[in-house]
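What follows is a pair of complexes built around chain A, which joins chain B in one and chain C in the other.
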Partner chain A sequence: MGGKVTCTLGEIKNRADFIVYWGGNPAECHPRHFTKYTLTQKGKFVPNGRKDRTMVLVDIRETPSARAADIFLQIKPGKDFEILTTLRALVKGHRVNEASVAETGLSIEQLRDLADRMKQARFGVIFFGMGLSMTRGKHMNSAAVLMLAAELNAFTKFVTMPMRGHGNVTGSDMVMRWSTGYPFGVSLCRGYPRFNPGEFSTVDLLVRGDVDAALVLGADPGATMPQPGIDHLARIPTIVLDPKVTHTSRLARVHITTAATGISAPGTVYRMDEIPLPLRPALVSPYPTDEEVIRRIREAVAKKPAWAQRPAAMAPTN
Partner chain B sequence: MTGKRYIMNAGRTTKQGQQINISKDSPEYLAMVTTLIMHPDDMKEAGIESGGTVRVRSDNGEGLFQCKEGKVPAGMIFVPYGPPTCRLMGQTTDGTGMPTSKGWEVEIEPVAPESSQQAAEGAP
Partner chain C sequence: MSLNIVQHATCTFCGCVCDDIELHADAEKIVKTKHACSLGEAWFRNHTAERLYPEALVDGQPATLDTAIDTAADHLYKAHMPLVYGLSNITCEAQREAISLAELAGGVIDSHTSL
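This part shows the complex of A and B:
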């Protein structure tokens, strides 16, 4: 279990003839996905655009994205893992239990049809959203979809990609990956990176009350986290860097207004396919950039005496 | 929880995403994140009128919402993410680093009309 067979959005635009959205609602949450990359664009190997592509939507409710789909498969909540595992079996020609399949909200014929279409595609892609990764099963659901896409490569070219949200969440993962080796949930307390989601991840640290200070950069956990985590942010010294006053600002000890990246501050943003894109600001801001504030805090901290004495072996000798 | 349970499915909408970038303090945003969508048959069974105020209770907390009928499967309710859903969502991450933000089991009960103002203000 592990690994992601993927590609860039440019390759999908030029090659993908079979597109699956699973547990996502791009019509509302990624409104330019269809028109920029996946459905309506004409590509090198899909010259007729939408006519050359088939789109399948798998979700627990009929969202506005269903109107754009050729096939909409409405499944029962919490049955993603079972369906993905059944598809893996069908793709490989194994027998499946039809009674178990009936509990998922889909029929065996629907799943056979989907498996056959996946195998017959020239270039297929599965985009998966929070409906898959943040419901019961979580990382096991994500692993199942990664495995399905990987195994389909025994028959045709198939890739997968998470529908990353927010401005630059992929950038945060990427920088953590090339600087520590891990994407998130990293502790540097011992002077070297340690990775353990559930122990070092932000929600867990805050809900358990393990941290005694917080620096919040480009996020609003005060409006998005479980309530015990929000309550803990209010108890400890919290510093917020944000262009606007947020829910988190109101419970923080310090709010520093910064320039808006991409509008009045330069920077780099990573697209959901992990391609870095430079941002060129159109406006001038009276406020400092996030980078400048962090650099100045770091310089001020570096001037302070070390909080712990050096071991005798490391002390300078005459 | 002892009453009938529904699956609460929190998510994003285009209008909510636009409003986040305008102001999370605006009445429009507060109205969006305190309005849930429910199947008409479920509303009838629970004795809830369209636009009425309901109390939603999960294992982790409770909150007041406006209830409207909409296109969701029976047994499910949909509500846009926001501060009110923070009080209801799972508090553990099952070792993944992410809380369960979709698919909670909740109970719903209609509340008296005088509590409608509280719901509009996002009060628990």
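This part shows the complex of A and C:
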């Protein structure tokens, strides 16, 4: 299983006539998503904007986003995977067990209707949020969405896109991917990249107490991690770069104040559809940028004797 | 004082990364935003160019940037398995530097994606 059938938000704006939001609440978390990219925009092949589009919201509770939807499907918590696989079966015309459908909170008629609408769409899209990817099933749920969309391409054009949160989290996936081959959770301890979520993911590393120093860049794990992870951050030398003195700064050995990304620091960030956009900062900060401070730390480390044979390949050259 | 007006500024608060924002700023603050949503507006107003914090803290005490950088480099160099974490609120250019530093220090690098 793998591979994501996707496109840019511009294509969705111009073409999508069937839009599903699954496990997300764009009205409150991505407030301009409807108006700038999806629902209300008039597009080249959807000239009447909202009238030409159908929106479905799938979630475990009725959020303010439900008001924008034509169809709201309230599902039982933790049943996303079952629903997605049932939809895949229905799309292909397979028989499904109606008794197990009942456990999902939806009726077989509702699912049939959704599967039919998906197949009849001219251009469909499923946006999936953390309500899908962070609950029971986790990455298997994401994989099930990707599979469903991929298989719908036997009937019509269908794409998926994760609703990414924090500003440049997409950028970190992209930069890690093109420089190490993996999107996150990469160990370079042996001098070459290894990827293993669960082993090299932050929560696990901190809770197990595996790491013996931490450099925290524009994040505040001291406010969000499970307590054993926070305890470990306080035990080891932690270094924080942030525009503000954060909870993590208070338990860190070193805090360095940096300029705020996009407000007083220039650079590039990726939108959720993996389009890089330039920043246009309006202020001049009295503090250095993250980029400059990280580079200076790297240069200071590089002056020390090498711990292992040093590959020069990955150092940025400019 | 006349305001500095920036057209097509980019908001990095959420994954929409709207790049059609108009910002009106004086020397220290963004005083007006156009086209941003309420979250974006709060984000732009929440960060100023004022000197509100010491440039660096080492062991809880104000320190110079140079000292802080050297101390940070020492800690990362001495560690057997340092962790570089976060990355979602910094630029791609800074992320690239961070990966290079993680490689040099022989550490692990991870972002919010793993949560």
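Here, the second predicted complex is superposed on the first by the 306 of 318 C-alpha atoms of A that agree within 3 Å, B and C clash if a C-alpha of one lies under 4 Å from a C-alpha of the other, contacts with A are read in each partner's own complex, and residues count from 1 in each chain.
FYI, a contact is a pair of C-beta atoms (placed from the backbone, for glycine too) under 8 Å apart; a residue touches a chain by one contact, two chains touch by 3 or more.
Treat the numbers as computed from the prediction; the structure is a model and nothing was measured.
**Student:** According to the stated criteria, A:29 is in contact with first (chain B), second (chain C), both, or neither; which is it?
**Tutor:** So A:29 meets both chain B and chain C here.
**Student:** Is the number of chain A residues in contact higher for chain B or for chain C?
**Tutor:** C
**Student:** Once the shared chain is lined up, is A:151 touching chain B (first), chain C (second), both, or neither of them?
**Tutor:** Neither partner.
**Student:** Given the touch rule stated above, what does A:113 touch, chain B (first), chain C (second), both, or neither?
**Tutor:** Neither partner.
**Student:** Would you sort A:185 into first (chain B), second (chain C), both or neither based on which partner it touches?
**Tutor:** Both chain B and chain C are touched by A:185.
**Student:** For A:226, is the partner it touches chain B (first), chain C (second), both, or none of the two (neither)?
**Tutor:** So A:226 only meets chain B here.
**Student:** Give one of first, second, both or neither to describe whether A:203 is in contact with chain B, with chain C, with both, or with none.
**Tutor:** both
**Student:** According to the stated criteria, A:301 is in contact with first (chain B), second (chain C), both, or neither; which is it?
**Tutor:** A:301: touches chain C, not chain B.
**Student:** A:274 contacts which: chain B (first), chain C (second), both, neither?
**Tutor:** Touch partners of A:274: none, neither chain B nor chain C.
**Student:** For chain A, which residues lie in the overlap of the chain B contacts and the chain C contacts?
**Tutor:** Shared contact residues on chain A (touching chain B in one complex, chain C in the other): 29, 31, 134, 165, 184-185, 197, 201-203.
**Student:** So in the complex, the part of chain A that touches chain B is made up of which residues?
**Tutor:** Contact set of chain A toward chain B: 25, 28-29, 31, 60-62, 74, 77-78, 130-131, 133-136, 138-139, 165, 184-185, 197-198, 201-204, 207, 220, 222-230, 246-247.
**Student:** Would you pull the chain B residues touching chain A in the complex into a rising list?
**Tutor:** Residues 7, 9, 11-14, 17, 24, 60-61, 71-73, 76, 78, 81-83, 86-87, 89-103 of chain B touch chain A in their complex.
**Student:** So in the complex, which bits of chain A are touching chain C?
**Tutor:** The contact residues of chain A facing chain C are 29-33, 36-37, 134, 163-176, 179-180, 183-191, 197, 200-203, 205-206, 210-219, 221, 236-237, 239, 241, 243-245, 249-250, 252-257, 260-272, 276-291, 293-298, 300-302, 304, 307-308, 310-311, 314-316.
**Student:** Show which residues of chain C lie in contact with chain A when the two form their complex.
**Tutor:** Counting only chain C, the residues touching chain A are 4, 6-20, 23, 25, 27-30, 37-40, 44, 47-60, 65, 68-73, 75-115.
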